[in-house]
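One chain, chain A, appears in both complexes that follow, with chain B as partner in the first and chain C in the second.
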Partner chain A sequence: MCFTSQFWQLTVAGLAIGSLYALIALGYTLVYGVLQLINFAHSEVFMAGGFGGLFLVRELVGDTAPGGAAAVLITTAGILGGALAGAGTAFVLERTAYRPLRRRGAPRLAYLISAIGASLFLYNLAGKEFGRLAIPMPDIYTSGTVFHIFGARVTTNQLVIAGAALVMLIALDRLVAKTRLGQGIRAVAQDAETASLMGVDINKVITLTFIIGGLLGGAAGFLYGLVFNVQYTMGFIPGVKAFTAAVLGGIGNVRGAVLGGLVLGLVENYGVACASSAYRDIIAFMILVLVLLVRPSGILGERLGRSA
Partner chain B sequence: MSNPTLERGETPGPGSRLPWHRNEDYRRMFSLLMVGLVVALMTGPSGNRDHPTDGFTGSWFHPRVLLFLGAAAAIGVLMTLYDRSKGAGRRNPLQPVIAPITAVRDRMTSQPLLRYSVYAAILVFAVLYPMTLTPFWQRVLVDQIGVYVLLALGLNIVVGLAGLLDLGYIAFFAIGAYTTAYFTGKLPVAPPFTLNPFEVVPIAILATLVAGVLLGGPTLRLRGDYLAIVTLGFGEIVRILAVNGDAFFGTNVTNGPRGAVGIPHPSIHAFGINYDWTLKSLPYYYLLLVLVVGLLIAFNRLENSRVGRAWTAIREDEVAAAASGVPTVKYKLMAFAIGASTSGFAGVLYASKVGFISPDNFLLLFSLLVVTMVIFGGMGSLPGVVLGAAVLQWMPQVLRGKVPPEDRYIYFGALLILMMIFRPQGLLPSRRRSRELKLSEEGLGGADSLGATPGTTS
Partner chain C sequence: MAMLELQDVHVKYGAVEALKGVTLEVNEGEIVTLLGANGAGKTTTLRTISGLLRPSAGRILFEGRPIDQMPAHEVLGIGVGHVPEGRRVFPRMSVQENLEMGAYQRKGGNKEVMQRVFELFPVLSERKSQEGGTLSGGEQQMLAIGRALMSRPRLILLDEPSMGLAPLIVAKIFEIIAEINDDGTTVLLVEQNAAQALKLAGRGYVLETGSIVMSDDAATLLSDDRVRAAYLGEDIGAA
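Our next item is the complex of A and B:
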């Protein structure tokens, strides 16, 4: 097979990018769980996280790359900055593009269109305010090979991404499974009307769901910016891929989104080794169409309510 | 209004005893002031990557922000006064404007003579007026407006009539354009025979029809919002293939990012008529006019046929339609394919008019632009869609030099949200569509083929 020669190297890279997809996919899946809607503007939440983290880190980093403990702190600050920017965007998005429609009980098409409008608005506004050129992340640390596993290089960037993603994924899983808010999210996902009769404040749950999705997506935006650049159009491709990951794992299913993200990251990297990196983005779309054809409910099945 | 569950107790009338921050008037004022700030930002100066805050400070810490905030406050006060004066049963303040238009429409429906004379007047205007325009505006009329009117008419079938959301619509336009480039011999791969762009039309329509069926076949069986994202992906696949097609398994197929150059103009050599279209825009305009009028008549007939009624039934309640024996997938596929082939057709005309195509002509943005036109004009309303496309393509030309061209998508995005909040039926709505939207908001029936309304039990 074409990917066996570099199998472990591809696996490491695939898991790193896959954990990013997983983080973004959670935003789609959570919102889908409570609203049964694809949040088309989630890719812009991701983009906002990229810019938020970038500008914060740019303030913190001086002319030379800091080392040691400072680098760890700045990276954490960047992740938090990205997460907050993402959460803020997601909150505003819910208030402006979704809630007015929900109050009126608008049909489904209206939500999709208003989300697309929000997406157009946000990324073009970002292009206007922050320039349309790609912006590199300042050097917080020098990314190099940290150790080898089965002969594959593992870089600092990949460790940071995978580590941060792992912490957030576990935190989210516990949140959904154990806390009162998580219970509320699952209840709304199962049956919004009954949940409201049982005393769940649906609006609050929906807002918080958007915020949680925004925190994860925004953090992912910063982490993505560490490896690639930050640009106003950066959200589109990872957004569609993360959506694919969510569908692959079973949309509405939290663990499914994580699984889907990792699987997508791996398949994409193996696929690139087989075809050409020019077709990297096509692979994800092909998987999406295939999944929808063969098993539209995804690997682990749909519905947030039943998953945790 | 039996608005189910959500927001219960959220909308007390003006003057009720509530903490001030829950009072409708204050909340509206807050929203308006926020909108004022956003508009100030949208119209303000731009920043760049080294000075990311310039745009914000230049918009908000500059006297001009007072203008926007003042306008927002004034609107808020006026709206509050208006509500107070009329009490709870408020009338639409735009009623004096809307009433005569509705009256004319009603008269037109009931009196065929009036209707046809209005159509004739519009047609005469459409024939004569462009002759008085400068070459620049004639070109805008063809390249920008005419082509997009065709596109919007096609997408209207998909979005407006069948209630499906297609976000990769421009891909079919690209397929049409590249088919033209191929059969006129302007792609690096030589065709079996070269054709005149007119002769490519049936081939392009067939190609896009097949592409539409291939794409729609698997996805139209699924929940409607999947279609949106799959078509989005499809649009990107076509573009990426076009960009990377200069090394498609070793052969140069599409010439990559450079695209195809020198696509010939169409010409007629039949029935003793010999006519060549050239660089001039006006002949193209009349060609487009004939086509648009033809399509308007055809689509109007289609809408009121068995097929059109099937689409309406699917849109309003897919389960009920299926139960009454409407083959839903077949009709959805039909709508999708008709839309796709219209787009492909427009692609042929565009390619032969402009003579040059590259993957940059087929960005996702343009798909969204066509969606915006259909929504803005009024989904499912033929005059609305034509008007929507014309206005949205005409405005940027008027605002040339005043608004940076890349910024216009900010406005389009805002327009989409505003339309969905305040006027989901569009500028010139179809009567049936407005009624559906209203009923659907009251919890009766649907208004699209995407499934139940979010937030209700499904």
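Our next item is the complex of A and C:
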């Protein structure tokens, strides 16, 4: 096979980018779960996280890369900064772009238009305020490579991305399966009206769902910025790919989103080795079209509100 | 003062008026049944009480407090439980989780209530970890009632608990409704199964196309010719 010679190298890269897709995809899938709505402005939540993390890290990093324990702290701060910026953006989005429509019982199409409008507004606002050029993240780590596995080089960035994503994915999975809020989210996803008869404040659950999706998406924005720079348009491609990942795994299905993200990351990297890197984005969207044609419910199926 | 009072309640679906001035009351400790044909407005009445629908006119008081503008989760919070039509158990939650959902607003200690629910419905205890969607119709109805009891309601609204169930199961469910009432919970029961509902209830109301057309003691309604003809399916002429 065309990718066997670099198999491990491609796998490492695929898992790293795939775990980012997974983090973003969870934002789509959680919101879809409670509202049956694709939040197409989620890519801007991700972008806001990129800028939030960048600005915070710029304050913390001096002229030289700090390395060591300081690097760990700064990375954590960057993730938190990105997560908070993402959560704030998601919160405002829900209040301004969706809740007024919900109160009026607007048709589905209105939400889609509102989402696209909000997305255009947000990224143009970011472009105007923060400039339109790509901004690199300051160097945080002194060494680019951490270790080798099966002859494949694992970069510091890849390790940070995969490690942070893993922690957040496990935390989210436990939150949905085990906590009272998680149970409320699942109840709203399965039957919102009955959930309200059980005493669940649906509006509160929806707000918190947007915030959780925003935390994950915003953190992903910062992590993405470590490798690919931060720019006002940075949300678009990862956003659509994460949406693909969510559909691939089964929209509304939390574990499906994670699986879809990882599969997409891997396939994309193997595919690049077989064709050329120019095909990277084409592969992702071919997968989207194929899934929609062949198995629209995704790999794990559309099991809304499923706990495990 | 009645526990629950509906005063001239009107409800509209768009231009259609589903309730045209319903007035009824339920006193503490009673079992009251609301009878009527399909589309008479029975379910609409219950949904309006529990805050899923807003009346366009009229007032609803629970223990003297107006509740007609309250969202559903607050109505539950002040002591009104609702077992919805069609049971509506959460299909992909375990029996245990479904019951926990009933106690969503209660802080801590549900053990005692859950113990009582398992006493009433031993089958739920056996199926604790089974998903709600995999239960039989009768078991789902038991789960729906048990779930509503988890919030320790003072008034419970039951919407057609006998729907689609075998006669033996229906008898069992009605027995348990009596037991719940003995525990001190007031019951407002909507039923198509008029004969059985009137045997259980103390009083009844008859709803026809959005208006209350009759209200009396259950025994009186049970022997009323019009009720017998319309809701008990009896042919009066032949008797």
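Keep in mind that, in the parts below, the second predicted complex is superposed on the first by the 305 of 308 C-alpha atoms of A that agree within 3 Å, B and C clash if a C-alpha of one lies under 4 Å from a C-alpha of the other, contacts with A are read in each partner's own complex, and residues count from 1 in each chain.
Here, a contact is a pair of C-beta atoms (placed from the backbone, for glycine too) under 8 Å apart; a residue touches a chain by one contact, two chains touch by 3 or more.
Computed from a prediction, not measured in an experiment: that's the story for all the values here.
Novice: Using the superposition on chain A described above, determine whether A:69 touches chain B (first), chain C (second), both, or neither.
Specialist: Neither partner.
Novice: Report the partner of chain A that touches more of its residues: chain B or chain C.
Specialist: Partner touching more chain A residues in the overlay: B.
Novice: Is A:114 touching the first partner chain B, the second partner chain C, both, or neither of them?
Specialist: Touch partner of A:114: chain B, not chain C.
Novice: Once chain A of both complexes is superposed, is A:196 in touch with chain B (first), chain C (second), both, or neither?
Specialist: both
Novice: Could you tell me if A:183 is touching chain B, chain C, both of them or neither one (first, second, both, neither)?
Specialist: So A:183 only meets chain C here.
Novice: Residue overlap on chain A between the chain B contact set and the chain C contact set?
Specialist: Of chain A, residues 191, 193-194, 196, 202 contact chain B in one complex and chain C in the other.
Novice: Note which residues of chain B are touching chain A in the complex, please.
Specialist: 3-7, 10-11, 41-42, 46-50, 52, 55-56, 159, 163, 165, 167, 218-219, 222, 224-226, 228-230, 232-234, 236-237, 240-241, 244, 247, 364-365, 368, 371-372, 375, 404, 406-407, 409-410, 412-417, 419-421, 424, 437, 440-443, 446-448, 450-458
Novice: Spell out the part of chain C that touches chain A in their complex, as residue ranges.
Specialist: 50-52, 71-73, 76-77, 82, 84, 88, 90-93, 97, 100-102, 104-105, 147, 151
Novice: Within the complex, which stretch of chain A touches chain B?
Specialist: Touch residues, chain A against chain B: 35-38, 40, 51, 55, 96-97, 100-114, 116-122, 124-125, 127-133, 135, 191-194, 196, 202-203, 236-237, 240, 243-244, 247, 276, 278-279, 281-282, 284-286, 288-289, 292-293, 296.
Novice: Which residues of chain A touch chain C once you look at their complex with the stated criterion?
Specialist: Chain A reaches chain C through residues 180, 183-184, 186-187, 190-191, 193-202, 303-307.
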